[in-house]
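The structures come next, written out as structure tokens.
Each of the next two complexes has subunit A plus one more chain, namely subunit B in the first and subunit C in the second.
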Partner chain A sequence: MAVTHPSDVGVPGHEGARRDPVLLALLGTAFVIILFHAIGLLPLWLHRIPEALIPPTAEVLDVVFAFVQNDLGLIHITRFIAEGPLEFLLDATANLLYGKRRWPMLGPIPWTAIAAAAAVLGYYLGGWKMALLAGGTFIWTALIGQWDDAMETMSVLVVAAPIAFLMGLLLGIAAWKYAWVDTAIKPILSVLQTLPFFTYLLPAVIFFKVGPTAGAVATIIYAIPPMILMTTLGLKKVSPEVVEAGKMSGCTRWQMLTRVYLPAARTELLVGVNQVIMLCLAMVVLTAFIGMPGLGAKLLAMMGSFKLGRSFEIGVTIVLFAIMLDRMSKAWVVKQPEHHEKGTPWWQQHIFLLVGLAGFVVFYVIAQFVDVFAEIGRRQSFSKGKEFDVAIKSFLAIDAVNAVTEWLRWFLNVKVLIPFRNSLLWIPTPAFILLVTALAYWLGGRKPAIYGFAFFTLVALSGWWDRSVITLYTVISAVIISMLIGIPLGVFAARSERWSSRILLACDTAQTFPSFIYLIPAIMLFGVNDVAVVFAIVIFTTVPLTRYTIEGLRTVPPEITEAADMSGATRRQKLWTVQLPMALPTMAVGFNQAIMFAFFMVIIAAFIGTQDLGQELQRTLAGTELGKNIVLGLNVSLMALTFDLAVMAWTEKQKKALGLA
Partner chain B sequence: MKKLTLLATVGAVALMGVAANAADSDDPIVIPIHNWSSQIVMSNVVGQMYEEMGLNVEYVTTDSQAVYESVRLGDVALELEVWEGAFGASFREALSKGGLHDVGDHDAVTREDWWYPMWTKDACPGLPDWEALNDCAEVFATAETGDKGRYLDGPVDWLKHGQERVEALGMDFVVVNAGSAAALWAEIGAAEADKKPVVVFNWTPNFAEAVWPGEFVEFPAWEDGCDTDPAVGPNPDALYDCGNPATGYLKKAAWDGMKDQWPSAYCVLTKISFTNPQIAEMAKLVDTDELEPEEAAEEWLAANRAVVDPWMQGCSA
Partner chain C sequence: MAPVISAKNVWKLFGPDPERYLRSMPEGYGFDDIRADGYIAGVRDVSVDVTEGEMLVIMGLSGSGKSTLVRCFSRLHDITGGTIEVGGQDIMSLAEKELIELRRSKMGMVFQSFGLLPHRTVLENVAFPLEMRGQDKHTRRDRALEVVRLVGLEGREDYFPRELSGGQQQRVGIARSLAIEPDIWFLDEPFSALDPLIRREMQDEFLRLQEMLGKTIVFITHDFDEALRLADRIAIMKDGAIEQCDTPDEIVMYPATEYVRKFTEDIDKARVVHARGLSKPVNGVAPEGAPVDGKATIQDLARQLIDETREAIPVADGSGNVIGVMQRSDALDLLLGGA
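What follows is the complex of A and B.
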């Protein structure tokens, strides 16, 4: 392996870039425009694109949608799906899980029966610990008094997740089989993954009826992309020997797919399943805006009546479900199919199934006679919501806390955020686009630069420039602050195994916790202003930075750190000249994710109170302005993609240079 | 437990003789619920009344602005809380598109305006007069607003015209828009800790009255045309130079098809009229007593048979 000189890598691509004529031209033009603006000579039409020149994209989109929806009759098809098969499935699970009066009229299944079955499944997948996690999650949910809400949520997820899995699988196979599908699907997936969720919600409501159906559809669309990617990845990796073996045994094409390729790609497929489940859970709260019942709706109602403790408990339930499903599906990935000796009796082969069934039936029967085993009402629950509220209030009443937040609020707002925002808004549009292009060029080279230029020009032409810049300002501020927190934290944690795993667990939890819950403490600490907005985003964006810093530092090849030790480097020298440069490509992935998370969270922060794209998006939710909704969503997506492309291109370059690729 | 309730229901139905009108459809009546407790409990109360009449009821959680589009399309059958201030615009827009109609007002009146929790009065004793509020504007100043006071208005899409009023009346206040109702509560809750004076947007009937006693700021009284004619109100050159109406309506709305599909349910809906104290009681059962909305509705119904029975009996014939 070609070990690069650390000093070469320290400031990547900088040396050559400084004299790069393209970069100089871009920056030069931008500065000339800015200079002209500063001395007041810049014509107005160069500062902001005049209203008259902005194409009526939203109106055109509205006309197109009206045509597709009504004239082509798409709405009849989607409404048929929504009111036919989809609603039927949702009704059936709703009946089983919380007793909605629909076919098959069997439910609701008692909580004890579900908890028992889950515990047995947990034991089968991962022993006692998993059994405790699975059973415990359900018991917690029941005891805390959220059973019905949790089951309302689950009744949609158990329909949405398998559909997302199947559709993702089929699309993934198609993309693997036919190159044109792959090329067609890639850009769509990139846009889908950066599109703010509000943009999924409105079409879902219009085409699939408000309520669980729209919730299910939005969840499915949100959860599909990683399944497609993992399927294609898994199928591509199947080794030629396995394929040969299949061909030699005379498999038909169908058999090749179902008996050879798919089983061989099992691990990737199951990782896809894991991703699908996680993304479904991430949508629980967001889909509550379009009528999805359950935990999300409850959380919003609790937040609307200022019940912090109860909303926190709902957050805990969602995290527990996420952790349980995550760990169980990961255990499933690791668990290889079992093969029994010939002659093993049937009951022995299916022992877990039988025990699970037995537990289920026993509790089902008991629940018919003992009410508490069937249902726990609010009066019997162990909710500690009120006590929690009191604790928060007394924390906020501490003078020292007040003094610190007051100072932070003053310092960040008056000295940092507001001046930064005003200066970004002051920059003329063309200069801004050129600066972004230059950044993309410096990081990733020609291709990301061209995309960046095109994307930001589109944003400028959308007519929402100022709001887009404010969105970007919030994202940049939050990412910088989280770098100041997350990277040192990661460096510290990477020193020892114990701290790494502790911090990583905290990262997992912070990430699965419904992002809405961060909003209220943010406001209570800093009030409704930009500091609260940035703070709420920072909680979210620090996670990937810390995680990938730990990851990057801990996977530096030991040969290299040893070499540094042998040449007598101090700990600080080793960190700065060896470990950090080597970890930089991995850290860049975290940086990229942090930017994506920030773009996601900045939209949610509209609920604190912002003046950016998120606020406008939130406003469109109430109405039927589909065109405007999509234009706003695409603006967010285009800006996010610019950074994504540039940072990823840089990472690739760096990995190659370091010989890690 | 389930069986018992069922029995009781059947009994009640038989006794009162309000067995479902033969003309009423078996299809579930879909009732929308939103994210504030009085509306959720009220919807459950009405839903349970319908169930007593032998009808099928389902609840769906929806956005409180988008719901009018759903009522119009018949995706949901009715809406029990149409606030004049908050949803009047969405309601009127849907009304003009057709598909839903007005089913009359509740007895309750609504009010939305600048509001402060009681402790604010210690720092600014002249309240609730708006001129007194303006005189102590600096009490409400924060880091970002300099020496001007800060007023936290509702979300922009509620169209509360706080900014216009500040300009029209020449007040020393900066208007900041919160992003959601939750943001308003968080701000009040944070101020409560050290009894910091705040002035925010608020409305009644609302759970907040029970948690934080407070008062509305008294602006120049609302006169018709204050929002359309500059001449109305103290400032002859500006709109929005008076307070919001102190007695706004609280309406019920229904899908046009409801009348034919569930005639007796529709008949009951036209009779329903809750008062401010009744609504406050419903909210209290959930917000203060921490009941689940269904349990709260059961409790409220049991305690208020005298109120609801006449509505139901009137429609049984």
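What follows is the complex of A and C.
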């Protein structure tokens, strides 16, 4: 690991690391193995673990699942839930939103009525701008001819998000109340948060039957963890005197919870709501992979047939929905209850509710007589997909553009990516594991190193080593490229207040987009190949890197930079010797997030065509190989966790050393 | 009369395993010894009784354990050692249900930093304890309005705590505890955020209430003047222990420890000490002339003392019976700061 530290001057904590015997032993052994391999003396069984030695984990898991599923009858329970209450709810919303022929047989609600109600809600939460955003999103969706797809997506979202919220809330309360629940839940949460989404999907399909129910279940499970965290955080933060005031008022335990704790934790709970909604949206779009209809499925189909114009339009719709949901729920977090002056009449206190209802009803009635107010047909829509296609294709065909993308594609592929991949694949498995362990040790110390060693050994024993290495190679390449882009961008932006807030806003917004969206520009520019995959990941991961670089640099205490100024440091010296070392722990959080995002994205990119774990995972979706699916998913998770643990441990250490913690 | 609150050898330690530590702790360990072992002594071996209708004021520097002691009385803290009886009942032995009942029916508390529920309006905050008692909406609304008016927050009923100033928030806290008319009242620096004028008003209101309703009050304050205005007895705390608990007269005239003496050093004693505090029982000699009121402070009597010609001045109680004689020279010494 020849990475030189950006500053050996300012950052304490690594003195003597070079002479650390453990580190030396790890690296030494790794190099000896590599050396033997290079001169062709390494026995084959040390290069890759022989097939015969690989335990049949997937098969064992399959047997276990079969037992739980059939012999213990779990499938009956899950199927009952799926076909009973869950399906009932999904059918009801499906009827209301896009007219599926199910109870209550009232839908579909006219798009104008929904848009009107949304605009009023937007106005209530955040004034004219929000009204425009909310109403505009629905109007755009209708006019562009994607209403039904969008409503299919929304019909799952409006069921999944409240359920995820409730379950997260209950689990969060349990984890806050009982220490053992907390201990039990924590590791599960960290695995869940790194598990690739394909691994959520297949069990959902198997246990909850194909279609919206499986999609809803996967979505719910995916969105629960942050709600749990926000709930415990909020409850822990309730001021002790408020709690004591509750006790002295003679609250029972139940009263304490419902009338003191939960209302007092309102802000955190609402932040949880925001996260639940955004994760649900991201996941609902991805459930296209298990054949769930909606915007995601449409996007998948359009991208698959290379209809870039339509893909782009769907992308815009998804992005608009994401921004709208994010802004509205955030506005709700900030909005505090307001009091009305004494004697305000009833209707005035509920003016927004009344106007919203009125708008809804008016448009509902109009829609009964004027068809376009109810529904905009395919022919009537303003979609410009075809024209767009032509435009994009002719743009890409311009010689100069073509030359640039072609060259980039060639250069990255032939000169960078493939050589890098081949050399990673060339390294013998034991040496690779030792190198990873050494890295974890160097970064985080003993504990992350032990975990890293164990995790990567498990990956090696899973029998999917080469594909795991290819996954890792894609992640590392993409993160390195996005560091080359994101960090300078962050450093530049941090120099002025104005640029910081602009770029931070852009990052915030970009982070609300469902990851799927990032595939669109990648495919547009590079077609279907490795470079497109890396490109998609790069756009996705540059966001957190830029963001945390800016935040890290901007939070360096002014006294410190002033001290540097007084010592006569130049701008560049100040940056390298003072600001970057101080910002490094925060930047590391961004780096960590970038790696996690990359692991997430690399799996989605399987859609473009990769040879890694994602590809295999996607293949399992078509069948019933639950064991294999889980093994593959855990491989991704284990690799991601190794980095997570090491980088976070390093961050903690640095923060302590710098007195920031 | 049986005390309303009776604390015997109460300990409250904060730390990993306080009960075991206390059991194994050597006799005579002080605050610093305990801290060296990684524990914080919130309350150290406190024994005190509060009788019915009494106003006990607890004083001491910040961090001396005043709030902790009061929290022990209401069992917001479980004590580490000793016993606390409220109304003759050991509160540590109460089941959860009985404790809730006790708090609902007997206790009220005003918190140092108010402890208002942020999501409730002024009126809803004040009505909260009534709501917990299961009163119906109308009754509790009427009652809450009444006390909100009493603390001078009329017109702000529908405000949320964050829309009020610190002093106003504090008054909401006071109103909330007033609403249920508790028999036992714990007040943790209840007037700290009020400006002097309102503070004075609130003190008067409290004195009036106590006189009228005969509440038992434990009152924490930083402010000696406030303590003197209100207290029947003052307890002075240091490092978790009560240094002295006595009437204001006794405390300023006969400080039990060096610490108390320092604490009371700057006080104008003539304003504190009452005539009855200086009077000695009559032994044989019949006092002459008109007696002075035992409840008057020496300062109140200043003019009369200077004009006075008698050396021994009779002192009478509220109903005019002579209870003793006060030496004029003693009183003058106190007045002129010579004592």
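FYI, the second predicted complex is superposed on the first by the 616 of 661 C-alpha atoms of A that agree within 3 Å, B and C clash if a C-alpha of one lies under 4 Å from a C-alpha of the other, contacts with A are read in each partner's own complex, and residues count from 1 in each chain.
One rule holds for everything that comes next: a contact is a pair of C-beta atoms (placed from the backbone, for glycine too) under 8 Å apart; a residue touches a chain by one contact, two chains touch by 3 or more.
Since the structure is predicted, the reported quantities are computational estimates derived from the model, not experimental observations.
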* To do: Look at A:I351 in the shared chain and tell me whether it touches subunit B only, subunit C only, both, or neither; answer first, second, both or neither.
  => neither
* Touch count on subunit A, higher of subunit B and subunit C -> B
* To do: Once the structures are superposed on A, label A:A245 by its partner contacts, choosing first (subunit B), second (subunit C), both or neither.
  => second
* Asked: Taking the superposition as given, does A:V365 touch the first partner, subunit B, the second, subunit C, both, or neither?
  -> neither
* Please indicate which partner A:R266 is in contact with in the superposed arrangement: first for subunit B, second for subunit C, both, or neither. => second
* Which superposed partner A:A38 touches (first subunit B, second subunit C, both, neither) -> neither
* **Residue ranges of subunit C in contact with subunit A within the complex** => 71, 74, 76, 96, 100-101, 103-104, 107-109, 111-121, 128-129, 132-133, 155, 157-160, 162-163, 173, 176
* Structure fact -> subunit B residues touching subunit A in their complex are 1, 28, 35-37, 40, 56, 58-63, 65-66, 69-70, 75-76, 90, 142-144, 152, 155-157, 176-183, 185-190, 192-194, 207-208, 211, 286-287, 290-292, 295
* Tell me, which parts of subunit A touch subunit B in their complex? -> 100-101, 145, 205, 209-212, 288-293, 297, 300-301, 303-307, 371, 374-375, 377-379, 383, 385-386, 393-394, 396-397, 399, 402, 406, 409-410, 413-414, 418, 519-520, 523-525, 527-529, 605-610, 615, 618-619, 621-624
* To do: Quick one: which bits of subunit A touch subunit C in the complex? Just the residue numbers, please.
  => 239, 241-253, 255, 259-260, 263-264, 266, 336-337, 339-342
